[in-house]
Amino acid sequence: MSSNRQAGETSRLRAPLFFAIMAALILLEGFTSGWNSALGILNMGLLSAIMALGVNMQWGYAGLFNAGAMGFLALGGLAPVLISMPPTPGAFSGGGPGIMAAFFVAIVAVLAAVWIWRNLRGKTRGLAVTAVLIVGFFTYRWLFDPAVEVIEAINPSAQGNLGGLGLPTLISWPVGAVLAAGAAWLVGKTALGLRSDYLAIATLGIAEIIVAILKNEQWLDRGVLNVNGIPRPWPVPYEIDLQNSPDFVAQMQSWGFDPQLGSTIVVKLAFLVLFVIVILALIWLTEMSLKSPWGRMMRAIRDNEISAAAMGKNVTRRHLQIFVLGSAVIGLAGAMMISLDGQMTPTSYNPLRYTFLILVMVIVGGSGNNWGSILGGVLIWYVWVKAGDWGPDIMGALAAPFPDGGFKDHLIQSAPHMRMLVMGIILLMVLRFSPRGLLPEK
Amino acid sequence: MIRVENLVKSFGGFRAVDGASLEIATGSITGLIGPNGAGKSTLFNVIAGVHEPTAGRVTMDGEDITGLAPHELFHKGLLRTFQIAHEFPSLTVRENLMMVPTGQAGETLWNTWFGRKHIREEEAALLKKADEVLDFLTISHLKDEKAGNLSGGQKKLLELGRTMMVEAKIVFLDEVGAGVNRTLLNTIGDAIVRLNKERGYTFCVIEHDMDFIGRLCDPVIVMAEGKVLAQGSADHIMENEAVIEAYLGTGLKNKVKAEETAETAAHEDHGAQPGLGDEAGHGGDQ
Amino acid sequence: MELINALVAVTNYVIIPATAYGAQLALGALGVTLIYSILRFSNFAHGDTMAFGTGVVILITWGFQAMGISFGPLPTALLALPFGIVITSALMLGTDKVVYQYYRKVRAAPVVMVMVSVGVMFVMNALTRFLIGVDQINFDDGTRFVINARQWRDMTGLSEPLTLRSTQVITVVTAIITVAALFWFLGKTRTGKSMRAFSDNEDLALLSGIDPNKVVAVTWIITGALATIAGTLYGLDKSFKAFTYFQLLLPIFASAIVGGIGNPVGAIAGGFVISFSEVGLTYAWKKVATYLIPNWEPDGLVQLLSTDYKYAVSFTILILVLIFKPTGLFKGKIV
Amino acid sequence: MSYLDASHMTGGYGKADILHDCTLTVEKGEIAVIVGPNGAGKSTAMKAVFGMLGLREGKVTLDGQDITGLSPQDRVKKGMGFVPQVNNVFPTMTVEENLEMGAFIRDDDFRGTMDQVFDLFPILKEKRRQNAGELSGGQRQQVAVGRALMTQPKLLMLDEPTAGVSPIVMDELFDRIIEVARTGISILMVEQNARQALEIADKGYVLVQGANKYTDTGEALLADPEVRRTFLGG
Amino acid sequence: DDVKMGVLLGFTGPLESLAPPMAQGAEMAIKEVSDSGKLLGGDTVTAVRGDSTCVDAAAATAAGETLVTTDKVAGIMGAMCSGATTAVLQNVAMPNGVVMISPSATSPALSDLEDDGLFFRTAPSDARQGEVMADELIEKGIKNAAVTYTNNDYGKGLADSFEKAYKAKGGNVTISAAHEDGKGDYSAEVASLASAGGDALVIVGYIDQGGSGILRGALDTGAFETFVFPDGMVSQTLEDNFGSEINGSFGQLPDSAGDGMKTYLGMAEKAGFDGSSAYSGGAYDAAALMLLAMQAADSTDPKVYKDKVMEVANGPGEKIYPGELGKALDLIKEGKPVDYEGATAVNLIGNGEAAGTFREIEIKDDKIETVKYR
């Protein structure tokens, strides 16, 4: 028991210690490489932290192995395109009705199929369902294809898609969360009954499907042609506007700052403030829930589903709930990321970066612990970015003893892959020396 | 209270429960015994909604409850414990108890944010109750220990303790006694009787310890090969030839100690089934 | 004639490629399934292990070619394969010593092992690129075709071509031999059975006197061999590129799970289910339809789904299988 | 010196000690039974004897040989067999394969032993092709004991072998244990069916909070009213 | 002083194999200038590599950010893919006022993108290449073609512009199907293409990516006999791996007549890398152009020298080819105008992108032969 208490005390010191280290790294980055780069890393780190929070809700609280973070993230990223881009003139009037009709047909067909499946028995059931689905599919394509053609023909080099609603970007954040939540609900309804590792693979696949859709449905988001120039969220200014504003320039100069540098930093700080607000809100919400009977119930379900069900807990419902909520948080992060980047590039979603790296963040931070996710998100992102910089140096040092020539050149050429190596080694080290993460669940 | 009609449960081709019909009367402590593999646990699992029955029907107070999900049954007041303890290993012992009652306000997300006060009150009450149960089970010194670290028997106690956290109508106990110290088992027996008398719980108990069954249960149902073999009072059952043949047996044949030491009589009392001859036949002898 | 043409088209574009691809997936899935059932985790490093093994084989192949050694009509890589297996297995054993062993000792949860394997994946990923770079490499030599399109047309006079590459035949033959050997080993030998026992209940295996170190070592050696064989066959048939092997991880896992993870028969079946569904469902049946239904030239391509959604198809199948038969086609192991 | 001599064992699972200077000895061909309340450390003591737990103090000798530093599988080779309290079968292997695994370290023909096990537990013969994970609780227990017997150990350690088995099988099991002991094999077992167990025991240990509380012959313990009341359920 | 120049390319990720020859090209130009000692009165130039990963906008932005804020580069040679280029341009270059010259970003969208005059490219927009390709097919009398493209903005953009031009000229595209790079198995794609049929297959891809897989599959199954290769496919690898099997196929790539390229290939060979690899020459040109602009502006401040890029690139003045950077620096210093031609006959139009002269090639006797320029 006494040793127990000691462990408790060290873990109480742990979190502040690691957050201090994290802050120190960011500060160090600021002093050595400039504040721009430090804030850049911090911002993206915080975004990653939000993603990690979402994954942690699913994995850490409920033991749901969602290996499809990438998909929900990408879906969230669709929101800024649909909400805050200007509408494409003529697109909606041209193709909108066709597409809506097509979707209506699709939904009706699916509902009809489900109804038949539930209400019929025997051989006719399979036949009827197949027939309904086939007819539905062809009607859908018959309505859908021409509409898409119309939309995609409108100014393809810059538009060729439905365009957005031209609303403020901030609105797209919750919308991103809702989009992801909606998809998660559908996924959850079908896949949550599966065993944990199967769920992982199923979600991995679903994520691929979502990204495939975003890549290939040009009418929706220009597909691989990318959407550029997504407006920034209020109140983040544009650097150019700041630089052109005499007030700002004067202010900066009075403080002894280079106005241009100042403008970039102000922009990043503005994003930082937005992100921190979102994170604090999420942390408050999640910590409150975790520390209450709800959290206890979730842990119980994670520990033993059969027994939790026997104790009257509706496991399926709870799983669905947490899956949807976690995905919503990931979707939120996706929307935020797109408004930070200012562009939506569906090809950039790859599982290594957006599923596995996030999982690494959760595990390194300490699964089940929200603060751990924040820490993991920022730290791992820092390392991921820095490893790209360190790579050549490390490789140079490694290659130094070799004579000049093909092999040495080969090694030096390989420097960029150091990032992978460093990432792998860090992950292995953490798992080795602090297997429950840097900030273990209490 | 519970009525099982012609229940069949097969795994692949094998009928683990093969047309069992039985009834558990309200307010009784019904014992369920039978050889290993008789289908007792399977029957429990079907009643408790873990398995879908292959055929047959289960009713509770006249209402058809066949195939309901476990959590729905829980709401109807039907609780069960597991033969192999199913604790929540990363929750503390106390939390294992406190999580049991359903419909806690604190289990709704909204309340965790905007109903804190209500939750606090509710929790205080739960805590008190949990501590009472732990005291009762003599494991209050373990209340802050992770349940995963308990010994085999302690987990069993915890298992029972969980049924005491709510107002149950009927509790199914699958071998609470296996691996539990006999002194403690007596205590558990007392608790069961008390719950039965004072709170009106109905129990259905699977157990292989005949002392325990004999002390507690009336009636006793004997299952064998998926069917009900016999039914009646404990004394009655213990004299039933078929039950003896299939289940009870006739005591140790190799009473080494008894043969070697002179004071055989002193030990005869402790033999499993006094009064039955060693020669009563069944296979497996050398 | 039309009917034959239709058949030939389907064989040429669907059956032959899907069979070869399926065999490659199956071998990969076997490796994943083996680790899953015996060491109890999903090994995300498997794709990169395949890449590494193939890289080694290529280097040795080049060595042989430089020395003027060849394997007659067969690819030289087959000669290099045993050496590649030895080196890759050695790397596996080394990785186990340095990395995995510790986690077994502390009895880490499976998901921790998965994470560890992600770490190893990152490292292997870099190692392979250090070793052989990032370029596309063709290392297939020997006779390319058993039948090529021109020979076929000359031979049969059909308008549809049919080709059968030697690598496709080699792939299928090697896969059959490997799988048979593996089955015999697991099902019949003492070591094989002890591996299954270990996979079931590690503690109890200890208590039965099974040497865990030996089981683990053998598992890694077999995995290394399977990965190298699968990777080399794939590379011979297509071409080698470090990045593609990481991408292969997804269909490989899909195969293992569709078949029932932990079950070797399932892994093989899964490989073929995935490959046939990928190729078959995205095949444009226009040509075949034109042959079969005279006087009808379809406007569209008669394609159920465009190839853009090829991966979507295999995963949809995966999900359907999981929903209707959650343990996979063959009963998998639940850990 | 006793055949098995585990003396002054102190240690636990990393945090506080569970065992406190606990000593267990078994002579050749003798049956020793450990009883005690739940959580007393009985299973822990068994694990310690089998080398599955780091000991801070104390040592274990078998047949005069110091085996304190050996790994469990080396102890198996020295002739020790163990049936754990939980997780004691290979769930996805068939009953027959489970038994085969018990004979893993044997190089001779083990068919005979297997037939004996089947004689002892006829239900296992019936279910030999079924996976052990699909058996009922008591059936599994029989598989577990059968597996240990397949080793033909010199010292057989059983952690609650009769938990969950029907009376008839329990009697059979005890019978068999007596017979096994007669052939010169030493038995160390933990039992909660303590009265029956002590009855056949040459020696009994009562363990409380990781320490030896009473040690005596089986009869003596059974006769002690204090022991009966507190530990044997009256 | 030491001037730093960022070399921001996709060193890791799906296009990782294209990046090294490009980087080496750029670094060759940098070294040439640095060694000459003639830049701005003896400044040396150092290349700083950054990894834009090609697919990860966030990572590209971070890498760009590091180049600009940590390494304080005077300009960025890059980025490589259109997506990453746009991200870096909007998130790093424009806020910080840094010049970017991309050797390879060819998306038409970049033509009209707001760039504060900071962005240039030595590659032409794909809109133009589509036209050229369509002309070529029509002239050869091919009226039915199947198209497959690598599924990114480059592939899709070029495939679309080709399809549009081809249709306008009376051609018919039987199928236009994407293929993902880096997958290895292309049986399904080849099967679909074969089923759709056509007299030629246009492969808008990368030779050491999916393009190769598609080509291999199409050849092996006997699905097509004539192929059309745009820029991403034309390289030594094509000749080496497929030479004898694709006689009669043809293609085109942004390139120019003249000796620039030949000189460049020679220089690259001496330096030990493959200069014919896609956009390697363009990278050399991009780096050289930036440095010459600095010389012309007599400043390394991007805000100043950005206005000189077009001037240096388009002449009038003496034509400058690879290996002549020292001479060019001298000329500029003396106040004489230069017209940088470089390896790829640089001539920037519009908003600062290559006009696009294209070299048409045909495979004859197992070799890539230049047919004509247009």
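Labels A, B, C, D and E are assigned to the chains in the order they are written; within every chain, residues are numbered from 1.
Here, a residue touches a chain if its C-beta (ideal position, glycine included) is under 8 Å from a C-beta of that chain, and two chains touch if they have at least 3 such contacts.
The model shown is predicted, which means the values in this text are computed figures rather than measured ones.
A.B. asks: Figure out the least number of contact steps between chain B and chain C, where 1 means they touch directly.
C.D. replies: Tracing touching chains, the least step count from chain B to chain C comes to 2.
A.B. asks: With contacts counted as defined, which of the two, C-E or C-D, has more C-beta pairs across the interface?
C.D. replies: So, comparing the two chain pairs, more contacts are at C-E.
A.B. asks: For chain B, which other chain has the most distant CA centre?
C.D. replies: E
A.B. asks: In whole angstrom, what separates the CA-based centres of chain C and chain D?
C.D. replies: Centre separation, chain C to chain D: 46 Å.
A.B. asks: Taking the mean of the C-alpha atoms as each chain's centre, how many Å separate chain A from chain B?
C.D. replies: Whole-Å distance between the two chain centres: 47.
A.B. asks: Go ahead and note the Å separation of the Cα centroids belonging to chain A and chain C.
C.D. replies: So the centre of chain A lies 31 Å away from the centre of chain C.
A.B. asks: Please output the residue numbers of chain B that touch at least 2 other chains, ranges allowed.
C.D. replies: none
A.B. asks: Quick one: which residues in chain E touch 2 or more of the other chains?
C.D. replies: Within chain E, residues 13, 16, 151, 178 contact more than one other chain.
A.B. asks: Which of the residues in chain C end up touching chain E in this complex?
C.D. replies: Of all residues in chain C, those touching chain E are 9, 12-14, 17-18, 21, 133-136, 138, 145, 148-150, 152-153, 161-163, 165, 234, 238-239, 241, 243-245, 247-248, 278-279, 282-288, 301, 303, 306-308, 310.
A.B. asks: Going by the contact rule set out above, which residues of chain C touch chain D in the complex?
C.D. replies: 190, 193-194, 196-197, 199-201, 203-212, 333
A.B. asks: In the complex, go through chain A and note every residue touching chain B.
C.D. replies: 285, 288-289, 291-297, 299-300, 302-304, 306-315, 321
A.B. asks: Can you list the chain A residues touching chain E in their complex?
C.D. replies: 32-37, 40-41, 44, 156-158, 215-216, 218, 223-226, 228-229, 239-240, 260, 263-264, 267, 337, 341-343, 345, 347-348, 350, 353, 384-385, 388-389, 392, 409, 413, 415-417, 419-420
A.B. asks: Could you pull out which chain B residues touch chain D in their complex?
C.D. replies: Spelled out, the residues of chain B in touch with chain D are 11, 33-42, 83-84, 139, 142, 149-154, 156-157, 175, 178-186, 208-211, 246-254, 256-257, 261, 266-267, 270-273, 282-284, 286.
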